[in-house]
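Questions regarding the structure given below will be posed in turn.
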Amino acid sequence: MLRAARLLTRQRPRKAQTRAQHLLVLLRHGQSEWNASKRFTGWVDVDLTEQGREEATHAGIMLKRHGFEFDEAHTSLLKRAVRTLWSALHCCDQHWIPVRRSWRLNERHYGALTGMSKQEVKDQMGEELLQKFRRGFDKKPIGMRPDHPFWTGRDRRYQHLGPNALPTGESLRMCQERVLPYWVDNIVPAMRRGKRVLVAAHNNTLRCLVQHMDNIAIENIRDFEIPTGIPLIYRLSDEMEPIGASTASARSRRTVSARPL
Amino acid sequence: MLRAARLLTRQRPRKAQTRAQHLLVLLRHGQSEWNASKRFTGWVDVDLTEQGREEATHAGIMLKRHGFEFDEAHTSLLKRAVRTLWSALHCCDQHWIPVRRSWRLNERHYGALTGMSKQEVKDQMGEELLQKFRRGFDKKPIGMRPDHPFWTGRDRRYQHLGPNALPTGESLRMCQERVLPYWVDNIVPAMRRGKRVLVAAHNNTLRCLVQHMDNIAIENIRDFEIPTGIPLIYRLSDEMEPIGASTASARSRRTVSARPL
Amino acid sequence: MLRAARLLTRQRPRKAQTRAQHLLVLLRHGQSEWNASKRFTGWVDVDLTEQGREEATHAGIMLKRHGFEFDEAHTSLLKRAVRTLWSALHCCDQHWIPVRRSWRLNERHYGALTGMSKQEVKDQMGEELLQKFRRGFDKKPIGMRPDHPFWTGRDRRYQHLGPNALPTGESLRMCQERVLPYWVDNIVPAMRRGKRVLVAAHNNTLRCLVQHMDNIAIENIRDFEIPTGIPLIYRLSDEMEPIGASTASARSRRTVSARPL
Amino acid sequence: MLRAARLLTRQRPRKAQTRAQHLLVLLRHGQSEWNASKRFTGWVDVDLTEQGREEATHAGIMLKRHGFEFDEAHTSLLKRAVRTLWSALHCCDQHWIPVRRSWRLNERHYGALTGMSKQEVKDQMGEELLQKFRRGFDKKPIGMRPDHPFWTGRDRRYQHLGPNALPTGESLRMCQERVLPYWVDNIVPAMRRGKRVLVAAHNNTLRCLVQHMDNIAIENIRDFEIPTGIPLIYRLSDEMEPIGASTASARSRRTVSARPL
């Protein structure tokens, strides 16, 4: 995983940075209990494993070592992301910055697959369908119904939204459509106000943001994973375009302009 | 226009209102200079005509007469909607309620059609295409380019969003996709917190909200207009469904459950 | 009045403006019904007179003529200030900027004097006491009781605060103690974020802000009035000190560093 | 300490709770490094000791055991309070509630005493003066100057306020004057909107809130301490008065109506 990430982000010669530079750091939560047991998690509020907490601490230490300062942080309503953020803020000694939580940064909702192991899905539906669910852009899992053991409809943390607003199963595209309004209305305006932003979230949520920022061709999304507990550093122009990103056409673009710490 | 509105909303026998009732009042801005000259307005910040200001005042007087009280109001970044809200708040003596403005409540962006009269478009592209642009759900106008006389890209009021977030031309569906995050994240949570909400906005923005609330079949959207300066009163259940709305299947649904004042 | 204002603010030679400059414009509401009839208003929600609306329009025109741009506006929960702000924003064509309302910018609460004419108070309590009430810093009027015709305790707009938070009569010092938290937590942070701020409020509320910014000796506050409908322009350093203000010791300071438009 | 707290809060016969009840839980941070070494801390951002973290965890477990649910939390900009809140939220499994941080909930600013041990102050200034500084209501410590090793003037977390807003030394009264605007503008409105509120802060900040809610006579404040890591449970009426609190006159009042968990 890590190798792939480093592969993905060969250092590019840095263009002269005359344009305004905005700092955005993306941090995927450390390993969770169901990452360990390879089960589809989505909106189930599983906790970090011991390894996951260490990864989060490691991320904070790296941020501290490289002298990163943040003005605000954003995370989801799921503890694996919130606790990763807490560890990172503790280790880089910035407990005091404002933190904003939103359901829009929750992990992709895996619908009826939620709780099943990837092996079970492979056995019941075959490897091809499993990969389509996991990394295809438009493959929507069967919807979760109220009798599902992990049904989120009654969860108090989503009551302010009302039932119809909550997903019951998302393709990656649907997940992106739900994440991007948060990017447009909260993260971008913060950076354009000069804020340095830390986002602690989930694999697919961050893949949606990376695909949007790096304008990666849909068919090439399969190729990259967000490494757990390794901060991805983005320097963005005023137009919110990664500075130093290769200008190769989006179609062939595989690279992520973020530089892992 | 008024007749059509009344036609649209035959009074339904009111079901016993035991369920929680939320109040939402939708108010389309009074006649604008370009409504009068039948030009495609979109995001151009034209003002109200004298008639438009009277319509806004009339709406406020009706709200006052029927004893409506509001806890917060939402409107767009366009003066024809803001001034309509100001007149309504003045006439129903609620100048003090918090008002929130958002680009997401702006009128549908008509792209390269902006500034053209409906007659010009009819002459150049034919009646059928004109109707498709105006009332079709998926017909996207040709995009507005930076050299367009009404290009919005440099407008100070949108600077916090960054260039790529701004539409350059929207189908009604694209307009709805840009409006609904505001409904989900601001209007619904306010009502579920017990707030009585007044929304002063634009014809197409409100049609998007009405289509969503009343679950009106796409092909039936053509049939209804939001009357200018006449408050549409919605009583919504906790699930944000109109109370008293007919349960006829969405397909054949033409009616709007809102009751004009 | 106007002459006094100009007198108060003899033009100072402008120091080289190297330091960061923040723009703050203070605008007192136009003449109200009770200003006209010289009655103590405080929190009674009286409206503007025709003259008051003209003064507000005039202020907006002057702001427009001098090319002032604002990023946000703040006002009270009283219509005479809200409507003054609306007129100003309309005339300088900035209807779209965010507006924040707070009870902390309400006029000083005149307690049991509320509703009495200044003549009545003079007859019943003498000129000296009248002046002490109006312009002394520590003279607290007798408290307003719930049976007072203008009792604010049941006003819906203050319900979120709870009864004990509301004043029943304030000295100018008490009024300042209630205004300054808003200055510290909302107005200053906005300016330090680079926002250009317009505050539309009341005579005594603005006198409290001016006394604080210009560090005017208590005994000298009697001498200055905020002119109605004339924008007072402040240029402030990063330390929120008026740039170009005379450095004469605060004790003898009579001048206001603001420049009326 | 604990004994004193229990002593202070003899269980009162609970009045019939017909009136609206609001839940407010106050939580003092666990033991800090300088609590352990009995040094005046104030705004110095010292961390929790191992014991302090256990106390915070214990508080969370007690909240969980008694089934407390919160809708929002408030804390200071100091890590000993932020980390106490994090531990409590983790243990009662409510990582997802919105958390708001404010300088107004910081510990009382001890000015030039900051960093000195209580023993040093006793040796240099005598026991009586030490007690006056610590528990007197109006005793203001000598101000902290920019050359003080723990000068807060350049701390990035306070930059949005500007230099003059920051205290350089506070009496308990001055601390309360700086805390109460937060109570009035944030905590009370949240409760009146039906929110159940958790406040994690500091000994003197919480003493200021308790003195205000329980209307405790100034001379009686000396007697009570907020125990570390033990949640104080307040049930408040709509008028924000403790329900079940004894109606003995404030003068003689020593009791705190809060019930420690």
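Labels A, B, C and D are assigned to the chains in the order they are written; within every chain, residues are numbered from 1.
Throughout what follows, contacts are C-beta pairs under 8 Å (C-beta built on N, C-alpha and C of every residue); 3 or more make two chains touch, one makes a residue touch a chain.
Bear in mind that the values here come from a model prediction, so they are computed numbers and not experimental data.
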item	value
Self-contact between copies chain A and chain B, residue sets same or different by half	same
Relative to chain B, chain with the most remote C-alpha centre	D
For chain A paired with chain C, centre-to-centre distance based on mean C-alpha positions, whole Å	48
CA centroid of chain A to CA centroid of chain D, Å	36
Residues of chain B touching at least two other chains	193
Residues on chain D engaged by chain A in the complex (per definition of touch)	69, 77-79, 82-83, 86, 90, 93, 95-101, 156-157
Touching residues on chain D, where the partner in the complex is chain C	104, 159-165, 177, 181, 184-185, 188-189, 192-193, 238-240
